[in-house]
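Next, two complexes with chain A in common: one pairs it with chain B, the other with chain C.
Now for the complex of A and B:
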């Protein structure tokens, strides 16, 4: 099989570069193992969480950071483009590149964000909320949302709250199987009549609350049900992220992948690329688990396989490797240098990733591969969680690399 | 608390490990007014940090006949009185090509003398019985080894002590003694979190604090010739073997592989450490390498199995009183009557020994206490089953419950953990049955039962009582759910979140020595979720007051 570009990895960065290339007319294939970090995401994206104005803060990042390779202007450009492409794909977000907003977390903390899905209520400030009194609602038997922590967080910011546990008979059969009360399963049921029943129950309990805070368990395949519920309830609903799987995250993944396919892209899910065929410093083709007899040939390739937890990087007993091609990795040599003993201290392994040139081309033995690009969290030099840069690095590097490929 | 401070006890037991819990049970069963005080949580010391091996005694048969005989007697007793804590897996002692097969003869003879049923079997048969065993083995002996869950065992002893009227205080550290002349008359305690002090009075104090008993004795003004010996172990992510596998040679590092519940573990190393390290032990990379190297000799597949965590415990080794150098160490039981030894009335130390002999240690200490108090009631702990084991495993009642009434997976898991006490676990409705921990099948009902009945104040207590967070995900998904439930009981979200923060750090402590492969992937996921999505890193460690995550 022959494509213009083959992308390995179907998470946020793989999908964004795939969409950018496909809408420019390229024949693109994405080969994806399946779930991505989007399945566990908060449903908000971060550009840079360390400063109120992200673009100003980016300048302070170390030289090896992917943003520094891009430069602030490109970051700004591709950040704007991200929001447009998301809108085009059917994903409504609020937020701006110029200034962070804030989101409320499932344990009642406040965190900065760049773009938030429509489910969430963007907060103007980290220490003032737009309500005086709210209702925190949860579904009976749902354990991945924590009303008491949310209430305590609200109280810290001077907001009164009461907690309501909603028991819907329609969820009874989920509760019977003890492992079924998870966000995505609940979202599959919360449609039509069941959704109306939930709206009624919420309206009954709302009292004098100005808003309802509840877990983001509505609207898996599209955001239709989420908006429907909002229409049926008398006060605004602010959804909060839950423990995995994340309903807004899964929805984002589904929406992006179906938009990619609408644009003519081939989305091969449940498959793993296992090796590549190199000739004269170029990657000629790759082979996958499911298509042992077929070669995927392309002019350009993108590796977007993620960090350790997506298995884009693998720690062997005494070294860190990129398992598909054996690309050069930036990492400390000694195992004891990989980690800090305090979980909350800076963890060296977090910044490990692929060594790449200024066009994000990864290397083998110090020599860049002519037509292979790396995007997203597999790139070395970022500390996504600590800096609050995960989403931004994923999309800006993806869109930049797509431009490089298109303008070659 | 007033109630406790106004009482006068016959016996104050210091230490919430298996020995202390067993001693409190024995004392209470003989009608003594008893209180147990523990500076942290039950099983926080060596009891919760060992192999969980139900020794047949065979390991000691050649080198220490007395220990071997004690082991096999206690082994048979525990199968009866603590059936819900014991797995009768049986064990193998294998000889590898690099070992001397002559040792096997010596070994089997010594087992015979100690009363241990040791049968030489064909290596081929050994491979059929235990397919993971090293196929290169040249000799095999079958012995009545098994697995014992030290957390359950201790909890059952505590529960029974309480049923017999004993009082229990966790998170109360002994900071001094009430002393009149040459007589100990009570203990001063300090609460680990609040720092509040209180005094408890009693006729006798039994020091059953393991290695920490050295400092307790110092506080009382007497010296015990004790040496901390660190032993490290590795836990594997699933149950690799079904029988205990030992090396048939003189006891050495990393030569026992024990299956327990859903996991297997290999250990141990043995290193003398200074006293100031006993509360801050870490598994070193060298120890991990030794454990893996030797472990793969017992079962080669270990090289490919996911490692879950590494941890270490401290054995309290005791040298005889006339040997200050500490060379003549015995692993036998040491019961010190400080009135005779040091002229200090009202103070007894029970130490040495091992998890296997905790009951016998308790019996010796309680016998001595009874003699001093003029009580003539005999010991019955070897006959009366522990709560949870009041019906033998193969009894009609338990069979009927398991087979005729259809039990759900988590009810079976709870029955395994709590034995017949699982009847008190609420399972009235779907809410009770909702799963908190999927790896270990722990329900909301079981968590609430533990919070209400088993002295649970924090997530680590909960882990020790229910196995929450001990499974494959190491608390990644269940810790937050459990914290949500605990918060209902705590009514202090600030403290619960600090607890959650500390709990994940404690899990990490056992992960970083083996932070490669899936372990590194999992911890990155945990950080992504708890710090990235939730913002747990914003929770401040409490000021001044230590967060208790032990």
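Now for the complex of A and C:
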């Protein structure tokens, strides 16, 4: 099969590259080994969490960081473009590249964020909440949300709260199976009449609260039900992320992959690319499990297979490898150097990833592959959790690489 | 066992409990009594390995659609784990109804000999209600019509003698559906492959692929059929012929369920068993053959991705071929289960689940109102035709209709 560009990995970075290329008229295929880490996403994305003004903070990152390869101007440009493309795909976000907003987390903390989905309420400040009194509402039998953490966090910031557990008869059947009382299963039921029943129950319990904080269990395939519920309830609702799978995260994945397909892209899921065929420093084609000897040929390839969690990197007994092509990996040699014994200390393995040149082309034995690019969390030099850079690196590197390919 | 990494063949210890599979399970979405693929699969397996009494009969709700496996980021064969557990631990023995539904080839042989009577009888309301009451086959369902002449019979009379004229040869696994219910599909395949320069041979004593027997608990019978089929396939491959099928489920069963569920290794021939659309797509892509289409052909087509072709990842071949036809207006459908899952939806106790699962698909098809829905699976065809009234055709049949047969034969140097 022949495409202009073949992308390996169908998560946030692979999809953003794919959308940018397909809307510019390229024939693009994305091959994805199952569903992506977007399913674990809170629904807020970080550009840089270490400073109020992310672009200023980025300048302080070490030279090997993907942002430093991009340079601050490009980071700013592609960060803006991210928000536009998300909007175009049908995903509404709040937030700006110039200045972080804050989000209230499900364990009652306040954290910086760059873009948040419409489900969430962006906060102006880390030290003060816009409410004096709120209702924390949970659904009876839902075990993946912890109102007491939320209340404790609210109390620390001087906000009074009461907790309400809402019982809906329409959820009773689902409750019988504790393993299936999950955010995504609940979201399937909370539509139409059931949603109206929930709104009524919330209105009855709201009292003098100025807002309702509740788990993000509304609107799986589109955000329609989420907005409907807000309309039907007398005070603003601030949704809070839940344990995975995340309803807003799944929705983001489905919206992006469906937009990519609308643009003519081929989204091939449940398949593993197993090897590449190289000629004179170029990747000519790749083979996958499903398609056996029918190869995917393309002018350009992008590897967006993620870090350890998504198996883009694999830790073997004594080495860390990129399993498809055996690309060069930046990592310490000795296993004992990979981790720090103190769980909360800086963990070296978190910054491991693909060695790449200034155009994010990964290498084999120190030589960049001419038409292969790496994007997102597989790139070396980032400490996504510590820095608060995961979402931003995923989308800005993806969009930059798409431009490099289009301008070749 | 992958000894190097201590990974079992079904990958069950690779499960990181992420729950992504449950998001994409069509049964979980409509039936809270089903424990969900994570719980029914790798989670439950840990307990069952300790003590079989942990087996939960609610695993019977699993459709075996394998959409959990497509979604799994860790390559766990969740559907296989569930099916294997049913085979190993279920105490439920097949009812008469299950035996009737599972023996598609025996029933087909009997029914085709008396097709007009059988078809008319099975359509009668009182008969449907008796079947519902006595056999628990849901009265909403109409059995697919049986043909009065089997594909095999037609082939021997009308086609067999001419096949040797073609320079290249393939073997066709027609399956029960093309043989007993829709011989036209088999004829269409012969027409298309002949025009491309390929003679079509039948397999020696083809049996049912066995999918209905596996899902109805008749595993030993399925294994006997599977062994017979594998031996016929080996013979064809040894004689230099690839094997093609027009049913995505037959293809999937022979390639993947034989080794994964029946314990029958097929490594030596697996890559030689293909779906007809994949076989033809490759010929076109490798410039080994050309398709020429009629200029006056017009059709609005919506393509439905059946679960087992989704699992194989092969819908791209069917859709790419169909989209080569210039007169086609292409109406994409989101890949989702239609709810029938083979014989599953014929059973009275499953009827409501089947329809609830397919509801959004049916709505979407009605909105698009295409001339025809195309799919590679025969049971999806029955389900969609019953639930939407839109006719459903295999891509090969659409290809055969759109083909300019004379021009194609000429383009491929066939007399």
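Here is the rule we go by: the second predicted complex is superposed on the first by the 408 of 408 C-alpha atoms of A that agree within 3 Å, B and C clash if a C-alpha of one lies under 4 Å from a C-alpha of the other, contacts with A are read in each partner's own complex, and residues count from 1 in each chain.
The rule we apply is simple: contacts are C-beta pairs under 8 Å (C-beta built on N, C-alpha and C of every residue); 3 or more make two chains touch, one makes a residue touch a chain.
This one's a predicted model, so the numbers in the text were calculated from it and none came from an experiment.
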Query raised in the report: Counting only touches as set out at the top, which of chain B and chain C does A:269 meet: first, second, both, neither?
Result: second
Query raised in the report: Does the superposition put A:40 against chain B (first), chain C (second), both, or neither?
Result: both
Query raised in the report: Can A:92 be said to touch chain B (first), chain C (second), both, or neither?
Result: neither
Report task. In the overlay, work out which of chain B or chain C sits against more residues of chain A. Result -> B
Query raised in the report: First (chain B), second (chain C), both or neither: which does A:245 touch?
Result: second
Requested in this report: Please indicate which partner A:106 is in contact with in the superposed arrangement: first for chain B, second for chain C, both, or neither.
Outcome: first
Requested in this report: Mind working out whether A:349 is in touch with chain B, chain C, both or neither, as first, second, both or neither?
Outcome: first
Requested in this report: Tell me which partner A:292 touches in the superposition: chain B (first), chain C (second), both or neither.
Outcome: second
Query - First, second, both or neither for A:68, with chain B first and chain C second - result: neither
Requested in this report: Using the superposition on chain A described above, determine whether A:335 touches chain B (first), chain C (second), both, or neither.
Outcome: first
Report summary line: chain A positions within both the chain B interface and the chain C interface are 37, 40, 176, 179, 244, 311
Query raised in the report: Which residues of chain C touch chain A in the complex?
Result: 18-20, 22-24, 28-29, 32-36, 38-39, 43, 69-75, 271, 278, 282, 285, 310-314, 316, 320, 332, 334
Query raised in the report: For chain B, which residues are in contact with chain A within the complex?
Result: 282, 285, 408, 410, 430-431, 433-436, 438, 443-444, 477, 480-481, 483-485, 487-488, 493-494, 496-497, 501, 504-505, 508-509, 512, 515-517, 520-529, 531-539
**Report entry** chain B-facing residues of chain A, complex
**Finding:** 37, 40-42, 105-111, 140-141, 143-144, 146, 148-149, 151-152, 172, 175-176, 178-179, 181, 241, 243-244, 246, 307-309, 311, 314-318, 335-336, 338-339, 341-344, 347, 349-350, 384-385, 390
Requested in this report: Over in the complex, which chain A residues touch chain C? Could you list them?
Outcome: 1-2, 33-37, 39-40, 173-174, 176-177, 179-180, 182, 184-185, 188, 244-245, 250, 258, 261, 266, 268-272, 288, 290-294, 310-311
